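Note that chain A is present in both complexes that follow, paired respectively with chain B and with chain C.
And now, the complex of A and B:
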């Protein structure tokens, strides 16, 4: 009889190499945060200088900025953008996946009065312009939401409006995922990034909003699987509240797949941020990044170091993050 | 087997079809010129990009043409320079058009076409703001009843600028744009003075404006040497010499009435590296204004045996402008402080090595009489900038930021995205300012958006290269308060400056004009609406296929009418 595959956490040399590189990257990111920005001051007497130029071991870009320093600060930016975006996307995906997977299309029900007030609030949000503030002002949707709840409570006095109507959470999630999947992510991100003024947090939010479907799909599938298991049915039959079931019985099950997606998401997000910066629509130009360094190779085609060095950093980081996936080694007894 | 053969046949047919689609049409050999961007529009009243102006000047003619060799204007459509006379306080400039000058359909270019053009330039419901400002000195036109090619322009002022303004607009064809001659009855002074009254008295002006707008600018007939034969937006633009170009019938035509190349093919290649590759591969013949580093590198490389290089002093001045209407930049002291944060020698050596020179202001240092060499050049002095900021009322907080009346000194600077030299200027300023506690945000913009933002004043600072001409000084559009919303990007408004600009434009005596220009430079340095960084030299790289090519001081840095393939010279 063949034994079941065993999970092991033993690291091979690739994993050690990956961890070392990522450790260095983390160190560089922390170190860059402590360095004054003065280190990025352009040296106008040495523009596009090759590596091993005095004071510029890795050369300079066409603005005269030290490539080593740009790589260092770029590492910080790569981590600071990709890590929060990956974590936020995983959190959002988990939340939505749990909602859709556990409650499905029928189990989450709301009285008709809340549906009505919610619809009115949404219409108000779309149609009424907030004077001189624009629709993105943070308090406007919050105020509308609060008013919608109050109006819903008031309307609940009417008997006919107390009838519960199911909220099709699963259908909505799948439709949203299909819509996002129908548009190429790079195209979507490029369009939004080009239309709005680039900011650091704006980019993080944009990347989050386009990355969550992967986690949501995984979580939804996992929850739907676990929901059928006897222990969960027993928990439901015992009358445990939904939040407790979710917290103690569902979340521990979905954590494994989510943990697997985070390094992969980070690798994809670093590549995406680099692409955006390369195209000049990502971060503001005052924030150094590997993508902007790569873009300078178009201005100075002979400066190979502008292509090779950030390219190597990007490659090493992406490969290292992939090496962080849980190691499954099947030990054969044959 | 049968299906394989039919598939193969279909494949071959497709291949032949596709090849036929992509093969360029055979025709006379063309001179191929690189453009970095599309002209976007060829509308004569509104076009401002150098590409559009170049095409418009090849399709249309003005009364006078720029003679860049001698830095003066010369007769183009006119037989000679205007005859000048006086009537009261007005200057009368009498022109006679060349009898050879004709439109595409063979009809002669007449004085009534000039009158029509002047009226269009002041017609309501048309975008005439620029022409009204630039040619506002022309008050009226009087046609000669005895000679249909002779007319007199009534102008205010008598300076060289007035003479140039009287002949520096391209002439439109009346018979094709206004076949019913509706504009003939409308007096020019009325159009200039009160467009609302003109509209009330002559409602047909509306029809004319609609008709003018309905005809695409590229379809308007011109009396210039070339006609537009193809234009694929953002790809290429092709001009073909007219087979019956009237200039070729002249005995010994001057340079500006010649058209050497049979076909001018403008290839739009936005990326500099791609353009350089295209030049090396022989896909283009002329690469104007390459980046200075590329130019120098190529000049010292082995490619120099296959390529020609040329450099000329230019009137293109690179500057940083301050939006003088922003609260933080309203006072000259703050602007002067910020002007001291530019390391101009460093910027020149980094972005224009050997291909730029400094100036105290907007006047080219090579114009010795007008250039005020007693003024000091801008110095890189961050510590003096600190003192000036304090003097301007700014106070530095413990976190090193600067505040005045609860306003923090945080500025944005816009510049053309992809322009490495402009980016270097903005980055150097930002880094130096940051060390002093002044926060500057970089905002690269696409060129159309950049122009729109500069016109609307939606910025604090901007990096800009202003294209000047060697012929005359006219600061109305760029520094006069009447130019706000057009090309007066700093939105500079100063009574003394306005008065000086008007005086410079009106002054007929060159010596007195030079004196006024010197005073104007002093005023500009005191007020600092702009920080002038450098004048760049025009540069060209051409393939040997072109024989000889000479860079010139006027825009676009070469004379397209003089370009010719070496094979055609023999």
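And now, the complex of A and C:
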């Protein structure tokens, strides 16, 4: 058996270059965390100074901030936003994709009586509350849950209510994805960011909530493919509990597709974050960012270094992230 | 057939309604009322005004912005917790006198509300903005389709075109606003090369130059369209080339070659139609995506279009304009989905027979 030729992963000079750049970026991000904030203080005597000015090797922006320092701190912000958001989105997408792919529309079934009692209890919880303080807060939902189970038991005496009704997990996931995809991602994030004026972590959560559908789709497709295979039938026939099947028989298949989405979504997220900062709705203005530096180049059209330097950083980062993937996967996901 | 189309249409409208409602509620509940008021009222209350006067003035401003009523049919009850009562309702029913109900009723009647900033009707703002944006994105979409078809065929037919693909990758890795800024600062910069006019559409100096608008506008449109095309070109081209290469491995290509067709003809007439199927959606998605891209491009080139309107509204927290513009993009995307369905039926007879 000869392995097909395109499977060999070559680690050429491009990959070395990419890894080196990403390593430098990581170093810059960690290093910027150790530097005191006063390096960002504006130098009012040298505003819009070109590169190679004494003390400002890479020039300054119209506010007098050192471009090199803003790039350094901006690298930290770019990584600190995109990496957690990409990882969280991958995790959330994997979880939802696994559940929807495993359960499908038919496999999670409950008798109608439990649906009925559960629905009534949930409605009760949403509509009315009881006066309670401190630890007692928990007794109301707990009591409702217990009553729901008892009522369900009781109702199951009625034959008509014993018919099982399936929970449409797959349908729910697809509806959610359709709803999120109804608007280009830039506009969706722009609108919500404008409404909520997010903090740093607010932005990470917002980006996560708009990025997970890609990985969820991939995982769902992979799980649906694997579910047809004989070994899964064997696992089911052996009587393994569902969580064990999901954990040990489905999850290992999913790592491959998920690992390819993380660098791509990181690249897309860095681009999105800089665009938001450029438009003035992203992070709070006191946080340095490559996008804000690029926004300055509109105000000062003769200051080429305000466009070239952050632009090059952005380009190098995106290209490096894509180089981490096999050649046939290096497509954009924006 | 008709029932299928109607069902699909209903689904699409339901999706659009869902997301727009969600965004409306988010923009009405998340921002702080006081901050909004201080943003959109320029009157400074004098130091002599009594507390009662200030409160009344604020109420009047809320009334003017349409924010005095409750947001939705039900709002969270704020009754003090009373230990005597056993069950307390979490919600307070507001009836139909709420912002959402009035907004929805107005939208159905074609009235999208008024801008917080200027008080102009949103529908009029959107209409005049679309007059700029639609030609711009339409032109960009046309160029992207034509160039990506040509380039895709070229990439698939000729070996040694790796540098074209490399260039496309590089363009694809840059965000749209960086490409637009690069073009602006390279080709419309008085310090460097002044090939094209920088800002706007030249509407102001129309009186000065005797040339009619139809002759001057193209010069102003070159750079915005070019930046949209350059960043949008990579994905459809590379996908088409990949799909064509995939199709070229099949035996029907060998058959076509064996019966004596030239390789160009095989590519264009046999492989192309099959390769087009997976990328049709990319083409139908072009228009909504370009509308989103115009947010960046029109801001950079100072064009008074839909994107500029949205970007300004987002930066200034002018929510009626923002939600109205976004609703327009949502509808465009839903109709592009419908168009994709129809094109698939046209391009693939297998779908036609089973559907």
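By our rule, the second predicted complex is superposed on the first by the 263 of 334 C-alpha atoms of A that agree within 3 Å, B and C clash if a C-alpha of one lies under 4 Å from a C-alpha of the other, contacts with A are read in each partner's own complex, and residues count from 1 in each chain.
Quick note on the criterion: a contact is a pair of C-beta atoms (placed from the backbone, for glycine too) under 8 Å apart; a residue touches a chain by one contact, two chains touch by 3 or more.
Here the structure is a predicted model, which is why all the values come from computation and not from measurement.
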| item | value |
| --- | --- |
| Which superposed partner A:311 touches (first chain B, second chain C, both, neither) | second |
| First (chain B), second (chain C), both or neither touched by A:47 | first |
| First, second, both or neither for A:237, with chain B first and chain C second | neither |
| Partner chain(s) touched by A:157 [first = chain B, second = chain C, both, neither] | neither |
| Touching partner for A:64 - first (chain B), second (chain C), both, neither | first |
| Winner by number of chain A residues touched, once chain B and chain C are compared | C |
| Partner chain in contact with A:280 - chain B first, chain C second, else both or neither | both |
| Contacts of A:38 with chain B and chain C, given as first, second, both or neither | first |
| Touching partner for A:301 - first (chain B), second (chain C), both, neither | both |
| Set of chain A residues, in rising order, touched by both chain B and chain C | 197, 280, 298, 301-302 |
| Residue ranges of chain B in contact with chain A within the complex | 271-273, 276, 291, 293, 297, 343, 346-347, 349-351, 417-418, 420, 423-424, 427-428, 430-432, 434-435, 441-444 |
| Interface residues, chain A side, partner chain C - complex | 126-131, 178-179, 182-187, 190-197, 267, 271-272, 274-275, 278-281, 294, 297-298, 301-302, 304, 307, 311, 314-315, 318-319, 322, 328, 330-332 |
| Chain B contact footprint on chain A (complex, rising order) | 37-38, 40-42, 44-45, 47-48, 62-65, 197, 280, 284-286, 298-302 |
| Chain A-facing residues of chain C, complex | 15-16, 18-19, 22-23, 26-27, 30-31, 81-83, 85-91, 169-170, 172-178, 181-182, 184-185, 189-191, 234-235, 238-239, 242, 288-289, 291-293, 295-296, 299-300, 310-311, 313-315, 317, 319, 322-323, 326, 329-330, 333-334 |
